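Structures incoming, each one as structure tokens.
Look at the two complexes coming up: chain A is in both, with chain B in one and chain C in the other.
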Partner chain A sequence: MDPLLYVLDLIVFIGIFGILALSLNLEFGFAGLANFGKVAFFLIGAYTYALLSQIGVPFYLCLIAGATLSAAFGLLISLPALRLRADYLAIAILTFGEILRLIVKSESWIAGGDWGISVSPAIAISGGSHRVDVLVNIGLVYFCLLICFVIAQLLANSPYGRVMRAVREDEVAAEALGKNRARYKAQVLMLGSAMAGIAGGLYAQYLQYVLPGMFMPMVTFTVWIMVLLGGPANNWGAVLGAVLVTLFDRGTNIAKDYLTLPIDPSNLQYILFGALIILVLLYRPQGLLKESPIKTKALESVKRERSVVKGKGS
Partner chain B sequence: MAVNWAQVFFNSAITGSLYLIGAVGLTLTYGLSGFPNFAHAEFITLGAYIAYSVAAQFGLGPPLALVVAFLCTGIVGFLCYRGVFQVLAKRGATIIHLMVASIALGFVLRYSIGAAWGWEPLYFATVWPTSSLWSRHDIGSIAVTNLWLWLIFAAVALAVTMHFVLVKTKIGKAIRATSSNPELALASGINIQRVIWITWFLGAGLAAIAGVFRGADTRIWPMTGWDMILPMFAVVILGGIGNFYGAIAAAFIVGLAENVGVVALTAMGLSSTYRIGIAFLILIITLILKPQGLAMLFRRG
Partner chain C sequence: MEEGLLRIREVSKHFGGVYAVNGVSLDVKEGGICGLVGPNGSGKSTLFNTILGIHRPDGGNIYFNGNCINCLAPHQIYALGLVNAFQLPRLFYQMSVLDNMLVAARGQQGDKLLNSLFLRRKWQEQEKGLIEEALEILELMELDKWAFSLAGELSGGQRKLLEVARALMAKPTLLLLDEPAAGINPVLGRKMFQKLEDLSRNGTTFFIVEHRLEILFEFASWIYVMDRGKTVVGGEPEDISEEPAFYRAYLGEE
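Up next is the complex of A and B:
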């Protein structure tokens, strides 16, 4: 394979998984929601994109529709589980993802069942080479990543972001301060699902096909590794995690062509992923980058005054 | 097409028995350690593979293979708790961290199993070809195999034994005490740590037995446990987390709902792969109506 194309392909994957990691970071990192079904919303985005693009809807509308539908499902699944503990949400949402995959797998009239359907690329440049296509994709994916990053970053440093962290740290205290925790959680889950929906749409149009096998629970946990490794509640950390895990994934894929190992490398890759999560949780639960500190004008002026007082004292 | 309802009810008892044996450990460890152990699925799978291997290697019959699978998987369950979850809990991990760790551990176990035994399905019929387990009888209009009778017997025996263990023995009382109030149990001189260790050993061992039955009924492959874990979570939540008596009732309710549901799905012309959707429905309805499950029916349990 063309080595440049390989690198470009890697860059696209990092972008798509970066969006997923940002969305999980909003849910888990900032709001403390255990979304074990990220892949469900990724799937909704991908299939919405695929089905709408087949009837000739322009690509940006497909992406928006995927995000909207994903958000709607995020709200729907959150209704029964959100008032309850984190473990109920985790189990319910994981099951939801498995059922969605089963539906698109067994109902072949929706999107070709097991065989999937093909998807046309978002922006087709006539006469362009494959490299140009990938470059166009990089532009599109990173444009979306940038928007998601800016939204996530603005949210994190806004009063809304501080409420999210408060709900994560102590639900009862947040509720006592008059913050409706269920509503905040539902909103965060909707926003996170919308981002995952966009990532799904981008994924479908980049690969130019969708099939149920692309949406195994492993996708969800790949994103979890990214967030846990990079550093929960730090948007830079989520993106860093996406870069590192995608590189690791590709690295082991390349290594398996050149190494002869006593065990099947595709098994080994999953074993290493699992071991990596456990090691991160054991030895560096805060991730590589620490939680981004809260920045407000009031805090800054307090800090300034303190340094002035210190200066006088010495 | 006429539905053989007697068969449907019998099948419900089989499914319920299987879920009961598998879910007892899940609900007890969930109640004691405070988090759902997703790696429980892999205990099921591992048990089936261990029984298959000792049967193939040493020519052990079904009862001995079952005992070996119970003991080995029980030890693995204990080691998983001791080596990962206990350490994490001591370092102040949240419930989300523990859940993620259990999924990660599940991946390590599942793909290690895949590496050791391969992904091609294996069948117990190849190691016990002459066993009487496979012989079929017809009782009235119901088709029955000896395996299914043993499965129902095992579930009933488990329910009765566990009832006596929980009510009469010291360890059973300690399990119930620790589950309902760990601080008070500790203050009464119960070694909580040991109680949790024993529960993890027992729970994983019972999961292994469920795995052997499931493997003998269908096939063994690295996803055997994962295929069962989601309905088992429905059983645990419907029964009330940590509640043994609730789990008994819930296992048979889920078993019945699945089998009746499959009849309904077939009547509607839908794929029977949606039977997992029935468990999901039960899960969601429980969460909306009574998140504490059937536990309120069994206060003393």
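Up next is the complex of A and C:
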């Protein structure tokens, strides 16, 4: 395989998983919602994109539709989220993802069952090589990543972000301080799901096919490792985690071609992932990057004034 | 009877077979500090939680400013101006002291999803004012030096102070305080009550549970005594301190 193509492919994957990591970071890192069903919303985005693109809907509408439908399911899942304790919510959403995957797998009238369906490229450049196609994808993916990142940053550094963190820290206290926690949880899950839906659409359109095997629960756990490793409640951390874990994932994928092991090498990868989670949680529970404090214009200027006063005093 | 800011009528709350609050009726009049005393387990905190909507009353009615608030959620009760500070501080420990304060402000522009993204100038302008108010209250509680530290780094007494400070940030009409002076050094405790008294002249009414009776009796204008889920007596502090029922509640039957 063309080595440059390999690198470009890696860049696309980092972008798509970066969006997923940002969305989970919003839910788990900031608002404390343990969404163990990320892959469900990824799947909804991907299948919506695939099905709509087959009937000739332009790619941007496919993406928006995927995000909207995914957000609607996010809202749906937020209803039990208000009644269930965090750990039960995690189990409920986890099974939701598996149920969706099994539905598209066994109900072949929806999207070809196990065989999946193919997706036509978003922007077809006549006579372009595969390399050009990938470059177009990079542009599209990183444009979406940038938008998601900017939204996540703006929210994190606003009074809204303050409330998200407050709900994470102590939802009863947040409620007693006038914050409608049900509403905040629903909004955050909708927003996170919309982002995952966009990532799914991009994934479908890049690979140019969708099939149930692409949406195993492992995808969710991979995104979780990204967020835990990079640092929850830090958007840069989420992106850093996406970069590192994708590199690790791909790196071990190459390495396994050259290894002879007594076990299946793809299982080795899962074992390494598991070990990585344990190592991070044991030795660096806050992740590589620490939680970023809320930064607003007014807060920053007060902080500056105070450091000036202190400087004069000493 | 009608002029009470907070009117509680025959309110009951039971957990299983235990009546923690059993047909309590009382009035908190506007202005000043109203105290609620009673031995441990007499139902004071349960009564507070019921007023705040954390527990639903099993019977009776609660009126605030003439409106029945039995069926409202805690955040709706808060929006009406009825705010509390928890007995055991429930701070947002991974957030700075100042951010803890700012969360509590009422009527914020930027705590809604779309406003936070699209009305940035508006809430930024508002936040400047809120920060000033927050720092003023923190100064009062001698916490301003820690404004940018994490709340989790504060000592036990400071956490207590921040809990009260955060409730004050909401500019409440009625503030329920559950043992605000417990665990705070006596000098600062008295100072806090003096400050509350000042605030009570500017339109905030306080309803306070406190075991430090000497402080409470000095500042309160009205005291209710609770025992075994019921209010046994209510009156001005001077009268209460001569009331046999008050001693019976604390010391038991002779």
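In this section, the second predicted complex is superposed on the first by the 303 of 314 C-alpha atoms of A that agree within 3 Å, B and C clash if a C-alpha of one lies under 4 Å from a C-alpha of the other, contacts with A are read in each partner's own complex, and residues count from 1 in each chain.
By our rule, a residue touches a chain if its C-beta (ideal position, glycine included) is under 8 Å from a C-beta of that chain, and two chains touch if they have at least 3 such contacts.
On a predicted model such as this, the values are computed, not experimentally measured, just so you know.
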For this session: Have a look at where A:E175 lands relative to chain B and chain C in the superposition and call it first, second, both or neither.
Result: second
Exercise. Is A:R284 touching the first partner chain B, the second partner chain C, both, or neither of them?
Worked result: neither
Exercise. What is the contact status of A:F273 with respect to chain B (first) and chain C (second): first, second, both, or neither?
Worked result: first
Exercise. Is A:S158 touching the first partner chain B, the second partner chain C, both, or neither of them?
Worked result: second
Exercise. After lining up the shared chain so the two structures overlap, which partner does A:L102 touch, if you call chain B first and chain C second: first, second, both or neither?
Worked result: first
Exercise. What is the contact status of A:D264 with respect to chain B (first) and chain C (second): first, second, both, or neither?
Worked result: first
Problem set entry | Touched partner set for A:K295, first chain B, second chain C, both or neither | neither
Seminar exercise, completed: Residue positions on chain A within touch of chain C in the complex are 151, 154-155, 158-163, 165-166, 168-170, 172-181, 187, 191, 233, 291, 293-294, 296-299, 302-303, 306
Problem set entry | Of all residues in chain C, those that touch chain A in their complex | 52, 54, 73-75, 78-79, 83-84, 86, 90-96, 98-99, 102-104, 106, 108-113, 115-117, 120, 123-124, 127-128, 131, 135, 147-148, 166, 170
Exercise. How about chain B: which of its residues touch chain A in the complex?
Worked result: 35-36, 84, 87-88, 91, 93-97, 99-101, 103-108, 110-112, 114-115, 230, 233, 237, 271, 273-274, 276-277, 279-280, 283-284, 287-288, 291
Seminar exercise, completed: The chain A residues in contact with chain B across the complex are 28, 32, 34, 36, 80-81, 84-88, 90-92, 94-96, 98-99, 102-103, 105-107, 218, 221, 224, 228, 263-264, 267-268, 270-271, 273-278, 281-282, 285
